[in-house]
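To start, the structure itself, in structure tokens.
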Amino acid sequence: MSEEVKQESVSLYPVSAPATLKEEKVCIFGTGDLGRSLGQRLLQSGYRLVYGSRRPHSCGPIPSGAQVQSHEIAAQSASLVFVCVHREHYDFLGTLAPQLRGKVLVDVSNNLKKNMYPEANAEYLQRLVPGAHVVKAFNTLSAWALQNGPSDANRQVYLCGNSPEAKQAVAEIATKLGFTVLDRGSLCAARELEDFPLQLFPEWRMPMRLTIGLTAFFFFYLLIRDVIYTYVDQKKDNSFRIMVSLANKVFPIVSLILLALCYLPGVIAGFLQLYRGTKYKRFPDWLDRWMLCRKQLGLIALALASLHVLYTLIIPIRYYVRFRLAQHTISQIKENKTSPFDTTMAWRTDSYYSIGILGFGLYLLLGISSLPSVSNALSWREFSFIQSKLGYLTLLFCTFHTYLYGWDKFLRISSYKWYTPPGYMLCLVVPTLVLVLKLLLILPCVDKSLTRIRQGWEKTDPENDGKKSLLT
Amino acid sequence: MSEEVKQESVSLYPVSAPATLKEEKVCIFGTGDLGRSLGQRLLQSGYRLVYGSRRPHSCGPIPSGAQVQSHEIAAQSASLVFVCVHREHYDFLGTLAPQLRGKVLVDVSNNLKKNMYPEANAEYLQRLVPGAHVVKAFNTLSAWALQNGPSDANRQVYLCGNSPEAKQAVAEIATKLGFTVLDRGSLCAARELEDFPLQLFPEWRMPMRLTIGLTAFFFFYLLIRDVIYTYVDQKKDNSFRIMVSLANKVFPIVSLILLALCYLPGVIAGFLQLYRGTKYKRFPDWLDRWMLCRKQLGLIALALASLHVLYTLIIPIRYYVRFRLAQHTISQIKENKTSPFDTTMAWRTDSYYSIGILGFGLYLLLGISSLPSVSNALSWREFSFIQSKLGYLTLLFCTFHTYLYGWDKFLRISSYKWYTPPGYMLCLVVPTLVLVLKLLLILPCVDKSLTRIRQGWEKTDPENDGKKSLLT
Amino acid sequence: MSEEVKQESVSLYPVSAPATLKEEKVCIFGTGDLGRSLGQRLLQSGYRLVYGSRRPHSCGPIPSGAQVQSHEIAAQSASLVFVCVHREHYDFLGTLAPQLRGKVLVDVSNNLKKNMYPEANAEYLQRLVPGAHVVKAFNTLSAWALQNGPSDANRQVYLCGNSPEAKQAVAEIATKLGFTVLDRGSLCAARELEDFPLQLFPEWRMPMRLTIGLTAFFFFYLLIRDVIYTYVDQKKDNSFRIMVSLANKVFPIVSLILLALCYLPGVIAGFLQLYRGTKYKRFPDWLDRWMLCRKQLGLIALALASLHVLYTLIIPIRYYVRFRLAQHTISQIKENKTSPFDTTMAWRTDSYYSIGILGFGLYLLLGISSLPSVSNALSWREFSFIQSKLGYLTLLFCTFHTYLYGWDKFLRISSYKWYTPPGYMLCLVVPTLVLVLKLLLILPCVDKSLTRIRQGWEKTDPENDGKKSLLT
């Protein structure tokens, strides 16, 4: 390979090449907070810096080491310009179009809320200065990170733009400032990047609302049954049960329901595909949205199950429990009779605990495989094995655990205080339904039809009556 | 920098440049499930789409918005072609070689099982159409992800190919569809990518089989000792012990053995290197394979240890335990004698629990540092500090915990029911062996030799008798 | 697009292009351990290999399949040269400058300690051979990984260099050897890369020292109060309490203090900014360092809190506890009086446990969101919501948990053995302080000033007396 060819190829990277001189000059338009924070960091990383300002002589304090010039002069002295002004003031950039021709313009702006403008800020900028290479970048970082460098949730600079060279130049700077660069494609991804910093767990909202609703309902339901009923019926104040006993009923109940709700849309989708005989029709919107928040439902269910485990494990150190156990022993002695050992009882309670522990272990496994770094390392076959096969097994274990807890209580009339069923019965409805429906879906004949539909081969022909008949 | 140079450099990316026009046209060969799923997604992402089909007028339903043409015409209208046909039907592509010259061909195919063909599908395709730029991509995604965009285990598009420009063009599309791109190098990586979706935890198989084998063995061993022996000897049915007591013996026993097996190959390798006096000879195959599944062994051991912790913590809420404790108190009162407080007993049991908890804490630390995102953030010096130093400390703690559990039981003849030793004794064999061997290896004189061998400097000379003599 | 343009653009990648021939020849200077390990791996991956050696005929064993030549000849036969010699021996490379002109030189060297030389090894190499394209790479891998391919903490090859083509060529090789490539920018990042393998948890040192110091102090403090005092006062040996009871006091105490110390610098910084009226002045060094290790403080606090949970949960299976409970029951019977059920006591202990569990749950949530892969997936708004809002909530819960534990003990004179306050009182000082200061900061008037300062707009004007007056 000849050295000449090499040199030529390098000259084709006119923007990034100067980075090697360690003294590359960059320009920042705007001396506000953002411009100053970013400027400070650029200076610390060894860049020479010039600010462009409308009033270069009265623009307020700027980081020491930087120059201030008018926009025109500043733009001409650097090949890369950070635009640190609000979108409302972009107009003046249109008049600078000749000076900005061929420059890389980095749009770092964000809006105060989503959909404020019909087009993304970066796209608007590109339209104003069509001769420049606009790159959207750095906007997903906090001001703190722009000033002080990367920290936990601020390691990654997402960028997008239409010119690979321009993106390369910005990536070079971002890397030098210590960030990791993630290329999100062409400029039409700008809107997505501009919305990113505004989001606050959007996909967690529906599951959280559901959780709060269910928790509140079961709390009051059980408050009435366990505390108020006792007070009315026996004039006994056991309100202290709210803190642990009640919590330890509400959490597992809501957890099991959420876990079941996590698998319900899957079986509904299965039956819908069977009924329609095709997988190419879109699901109804509510089902789509439901399926998209299954992961969140599952993780909240896991969190509540963990609380249930902790609440259960502190039972024996509770004052109330110790008091009652001692009373029981004392009364046995006083009455001089001992209850014999009940093997059935031992089997039942031990099974109940054991199944619960195994269910929780599987639950944890599902949670761990949801960690981004773990799920990225799995092939989708492995991931769906865990989330589907092990998921249903978890649901089965947890449901069985609850049935064992109930045992024969549903036969006793005393369980139905004020004609209400105990909480655990209510919470068994959805999981049982999901398990029964799933059982139907994995019957060999139904499973075969569904598999064929999901492989998409069979159902391109219009006459698909054969499959529908399976459901009648 | 002049604008002209800039333009020229852009013109050298003929494939990726049109991406900026938002209306790039891509072609898909094949109107089967895969082609339709991918097509739907491409159309949603703003691409224009043309299908190539053998029977353009009777090819079944295609997503609305796409055209269907004959292969020849379709190929000519786009610079990038997705090949969504089965490998068995690739032959026709050879006849299209002239039309495909210079095009980017994206091979998305998978096989039904490994090693079905002597060469990778993508390499075969490249051989059929030598003038095209074949890129292997998208095959690691599920059909669901191809149709609906990225989700948990389907975020990453692996690609490989010989032409950087072609890869760049495919990467651009993948990014636009919302995926993250991972470049796996040249086309000879295609086989690896094609095998990826077929795998189902290949590296977990051996450790899982071992775990199941050990668990089954110890379950039956302890069943005989704890349940059947009692029944035969005392005619007492304590079969209920299976659910918790037995499980809580089997899990910690298997866990400790697996943890020890995790460190055994390391010490074996050390002795082998000492004996051979070089680190450049390959280890025997069984040792290599063993070393490669150490992580899996450790994680299974951790899972079992966690179950052991949960099973231990529910002990005091078990019916059986509460019954026995009450009986004990009642019998003390009836016989009117109280057993005095035994300080040694208090020391011993408390130490036993405390060491166990600390061991489990270290165990968890090892587990957390095995998470991909955590281990990626560590330097290898840090990683090996945790996995080696802390790992042996964990093994030491857990082994000591088991010795404290045993205490002086090994002296009592009643422990050897039917002449069998208790389970905890059997499980101490391997960990003790590993710890003793490791102790030998860190003796200063041995350690020095081994360090020199591992640094590779010393042992290039043929006369390495000095080190060998250390072992005699 | 014409095929010619395509070909031309490919010819501009003279270095990476030959990679597609599968038979690319690379050169390694140096036949020491590093050179041999790397060479073995390169040969296995299908590269042809030539070693450059000063004594090509007596350089010791080299991997079979490789040639050995003099440096001059070896350099000329490959376009890419791995420099596997120690920095002290780099001098000879200067004399080879003509042969190395235009070649890619990969510097894989590390130093034994930081700051041994005024400039990075790679920069020194570039200075010696200015005509070559130096790339720093592979130095962050262990020798084991270089020989055997990627494993846990050795998946990523960091590289930096001034020539994009040279980096591309090295990246191609690294990918082929199975590693993931992370580009760290230009050659001035070389020092950072060279320091990376030397580090052993640098940011954990201060928090670990603090933890050890606090743990030691509280251990001896409580040893005196709980064990020695009892021995002196009542001649009773309860030294067995060291293993569990003492540990279960020391761990939560240190954990709570560390959690508070994690949030203290934040409130100090807030007050400092309020006092100064600007966010652009740098914080004092000690505060900066403190803020940088908050994550580590929090994670250690979480680890200790987890130990506290485990130590608490084993309480009821301890011999000592069972003995005491039985004694209590027996004494109640003998004295023939039963203590009545105390509802206040039930409320208090249940609240104490419940708040503790919820606090620990939040603690875990903070820990999980600190995992690199999780925090990377969060926007900084989400991350700061969790770490700040939920963080203070955690601190509030844990502090309240401790106050409930203390209850009215601080009123009893017997709590102050030898005039020392109980441990839990000491540990409440810092958290209470942090919570009170935070409360002041979120008072509407103070919060408004602080927000304005942090947005940076308001304080560019020199007269900022208005804000200062808020603090007087």
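Annotations
Letters A, B and C name the chains as they come in the text, with residue numbers starting at 1 for each one.
The criterion applied here is as follows: contacts are C-beta pairs under 8 Å (C-beta built on N, C-alpha and C of every residue); 3 or more make two chains touch, one makes a residue touch a chain.
Everything quoted here is computed from the prediction, not taken from an experiment.
Taken chain by chain, the contacts link every pair, so each chain touches all the others.
Look at the contact of chain A with chain C and you find different residues on each copy: under half of the numbers used there are shared.
Rotation angle for the C-alpha superposition of chain B on chain C: 120 degrees, rounded in steps of 5. Centre-to-centre, using mean CA coordinates, chain A is 24 Å away from chain C. Residues of chain A in contact with two or more other chains: 12-13, 313, 316, 329, 333, 371-374, 376. Of all the residues in chain A, the ones that touch chain B in their complex are 11-15, 79, 101-102, 131, 133, 162-165, 182-189, 280, 295, 309, 312-313, 315-316, 325, 328-329, 332-333, 338, 341-343, 345-347, 349-351, 353-354, 357-358, 360-361, 364-365, 370-385, 387, 454-457, 460-461. Remark: chain A residues 1-3, 5-6, 8-10, 12-13, 16, 19-20, 22, 32-34, 36-37, 40, 46, 60-61, 140-143, 145, 152-156, 168, 172, 175-176, 180, 196-201, 237, 239-241, 243-244, 247, 303, 306-307, 310-311, 313-314, 316-320, 322-323, 326-327, 329-330, 333-334, 371-374, 376 touch chain C in the complex.
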